[in-house]
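For reference, the structure I am asking about is given below.
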Amino acid sequence: MPPETLLSLCRLSKDFATQRAVSDVSLEIPRGAFFSLLGPSGCGKTTILRMIAGFETPTTGEVWLNGQRIDLLPPYQRNVNTVFQSYALFPHLTVQGNIEFGLRHKKVSDDINRVREVLKQVRLEAKASRKPSELSGGERQRVALARAIVLQPDVLLLDEPLSALDPQLRKQVRGELRDLQRRVGVTFLFVTHDQEEALSMSDQIAVMNAGALEQVGSPRDIYCRPRTRFVADFLGAMNWIDGIGVRPEAVNITSQGRKAIVTGVTYLGSFCHIAMKLVEGEETIAAQAPPGSTFENGQTVCVTWDPEDEIRV
Amino acid sequence: MKLRNLFLAPTALLMAVTMLAPLAIIVVYSLLTRGAYGGVELPWTIENYSRLYDPVYAIIFLRSFWIAAVATALCLVLGFPLAMFIARSGSRKNLYLSLVILPFWTSFLIRTYAWMFLLRDTGIVNSALLALRIIREPLPLLYNDGAVILGLVYGFLPFMVLPLYATIERLDPSLLEAAADLGARPWRALVGVTLPLCAPGIRAGAILVFVPCLGTYLTSDLLGGSKTVLIGNLVQNQFTASRDWPFGAALSLALMAIAMVLLFAARRKGEELL
Amino acid sequence: MKRGLTVYAVFAYAFLHVPLLILAVFSFNSSRFAVWQGFSLQWYRAVADDANLIESSMNSLIIAIVATGVATIIGTLAAYGLWKKGSAWLSGSLYLSLVTPEIVTGASLLALFQWIFRFAHLRLGMHTVILAHVGFSLAYVVVVVLARLRSYDRTLEEAALDLGATEFGAFWRVTLPYLVPAIAAAAMLAFTVSIDDYVITSLVAGVDSQTLPMVIYAMARRGVNPALNAVSTLVVFGLGMLIILSERLRRT
């Protein structure tokens, strides 16, 4: 039995004054999933999020949540919450005040215990009475999360929540976020332009380009069986040879196969990136070699790959 | 959006009552005839406007322009170095800035009176000069155009310094360094780099000083005596002693029209007060 | 050049502040002339005994407090409304009221009031003065509050809506706390322009609504009167204390 659909977007479009930001997007997001919207900046993914949250009204199309049409409701009547890119923490309230903010409107019992529990989940019990300005970037991000999940929304919308963190922290937070989602069981709709983030965290990914949906599928599907050239390129580096795609890590440099001349060797720590030019044909090709490889510019080598790894779009 | 309309409503109402309705009345009055006992009467006429060309009044307009222009130029000349000084005074910036703003918060009327106290025949300056036997007769310091200009400069200098300071403060110091690096002497850098870059601040300051100076009433009334009649005094006179409301209305509209033209002329894209 | 600027600044600050200082010093002079003869509080006693001064001060305070309160509240609301979505004609009329010469504002208000009085049995008085003061201080409030809103992060309001607050709730619980310093500054500004106004007030005041600036003006025109130095010193001192107090409050 397929998982139950929680949130569905039906032929959603949004026009701004000069351009079409979102164009005819239909999407079904299953309950309990970690679902990512992936695409370059300006592709309309944030606009979709804002239409779900209620900050933008769709030009055409509908948004359904739990069998109820919500696209005409004001933001405060939708059981979805957002973690903003800038976190948008209220500067005049403490951590605790920020987390309690929405509870007043939700009329839930046992408020105090719930706030305490959420504070514990995000490891901020000790900082409950601090102001946002006294917190580190990572802590702020956790307050933004706590503030939203304490309301137990049907869907949590996350708008590039890691982009304000420094790169080291970003990788660590990925795992934490994934764990938190599993623990609390809330459906996450995660917007990002970082394919590594999307691949490492999501159950399902929808790739967008120029306002339209390109492909929806599991991370493995999207990476290994991209349906469009855009998806293939966006998810990672790609060699295109005679219209067939091969990822650099699938290319082997051996003693037999197609001849190529090495044009560049870049040492990247855990591997060497080898740039080559095919002898027959115009195409360039890139491969990953062990860090100890001793290729030199101008050297002629042979490249092969497993037909299994070929990508046809 | 409903909330926004609700929030705007009281101000809209008040503006309609205290700004737009009086303006409408003034427009209507300016086209009517002066009543026998003050007030206004029919028939409609444009005579009030044609009177503006009467040399008697044209001279008053020119004098007002001249005095406001001199006061503005003095404010600029006096205010620019002060703004430079504040912008370059590091951690004491805020202190020095508030010392400029402070008089602005104290009564304009009292500051004008202070100059009366200083300048009158029996005032401090004359008393001191007499006591030191530098002069034998008190100098006529008060009740002339010079006193009016002094009072205006004193009253409106902060309006010039604030926008100047704001632009100088935002200037990229590396521009001056670049000028120096390219061989410009401090004076050359000031004239060739700082001044042109401060154009928005100079424009804003000039407008903020010139427009109120042009319409000034209090300063010319107290420091200028009966000799210095400016547009402001003329308007006041029509609404009080002369009881010629239609002409007062026409004068008011002429004054406002001049102010508006100046403001629009000085406005640039992206520079808005509201 | 640096030293030259500093020397210049000393003179400039002297120009700005010495006249008022001299006024204050001579308010304690025992002579009525501008020659120092000895310390005396007689002019302050004269002020305290002057019923006219006391009454007009009370009028000025009442007018300034009421006008400031009204202008601050509705001006703040208007600034917020304009921040949400501009309104050309409202911004235009606020702008117009800022740049209209005081004498024109006063005269045109007088014309309006006189016209209304033809139909209604009303007279010039405290109410007309207060209405005029609210009118001309509104634009100042809107400008100050709007300036603060310009640096306000719109997503904070969105976050409040997202967390279940209504539009009004978002304003009340998130935006308003952010605006408090600007509102205080706006109220200070409104208060000072109101308590200081002579030109407009003198035109729209009635016999029972003489304000302090009107009395000061009348005294100044009449000529030398050291009591006026004492009044001036008291006013400047009072406003100075108010500014310092509000600065203190703002810092905490």
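Brief remarks on what is shown
Here the chain labels run A, B and C in written order, and each chain numbers its own residues starting at 1.
The working rule: contacts are C-beta pairs under 8 Å (C-beta built on N, C-alpha and C of every residue); 3 or more make two chains touch, one makes a residue touch a chain.
All values derive from a computational prediction rather than experimental measurement.
Judged by the touch criterion defined above, the protein chains link up one after another in an open path, with no loop closing it. Legend note: the chain whose CA centroid lies nearest the centroid of all displayed protein CA atoms is C. Measuring from the averaged C-alpha position of subunit A to that of subunit C gives a distance of 54 Å. Rounded to whole angstrom, the centroid-to-centroid distance between subunit A and subunit B, based on C-alpha atoms, equals 58 Å. If you average the Cα atoms of subunit B and of subunit C, the two centres end up 17 Å apart.
The multi-chain contact residues of subunit C, meaning those touching 2 or more other chains, are 167.
Residues 1-2, 5-6, 8-9, 12-13, 15-17, 19-20, 22-23, 26, 33-35, 74-75, 77-78, 80-82, 84-85, 87, 90-91, 93-105, 107-112, 114-115, 131-132, 134-136, 138, 142-143, 146, 167-168, 171, 188, 192, 195-196, 198-199, 203, 213, 216-217, 220-221, 224, 228-229, 232, 235-236, 239-240, 243 of subunit C touch subunit B in their complex. Against subunit C, the residues of subunit B that register as touching in their complex are 1, 3-5, 7-8, 10-12, 14-23, 25-26, 29, 39, 78, 81-82, 84-86, 88, 96, 99-100, 102-103, 105-118, 120, 122-124, 126-127, 131, 154, 157, 186, 211-212, 214-218, 222, 232, 235-236, 238-240, 245, 248-249, 252, 255-256, 259-260, 263, 273-274. Taken together, the subunit A residues at the contact with subunit C in this complex read 53-55, 74-76, 80-82, 84, 86, 88-92, 101-102, 104-106, 147-148, 151. Across the complex, subunit C meets subunit A through its residues 153, 155-156, 158-167, 169, 173-174, 177-178.
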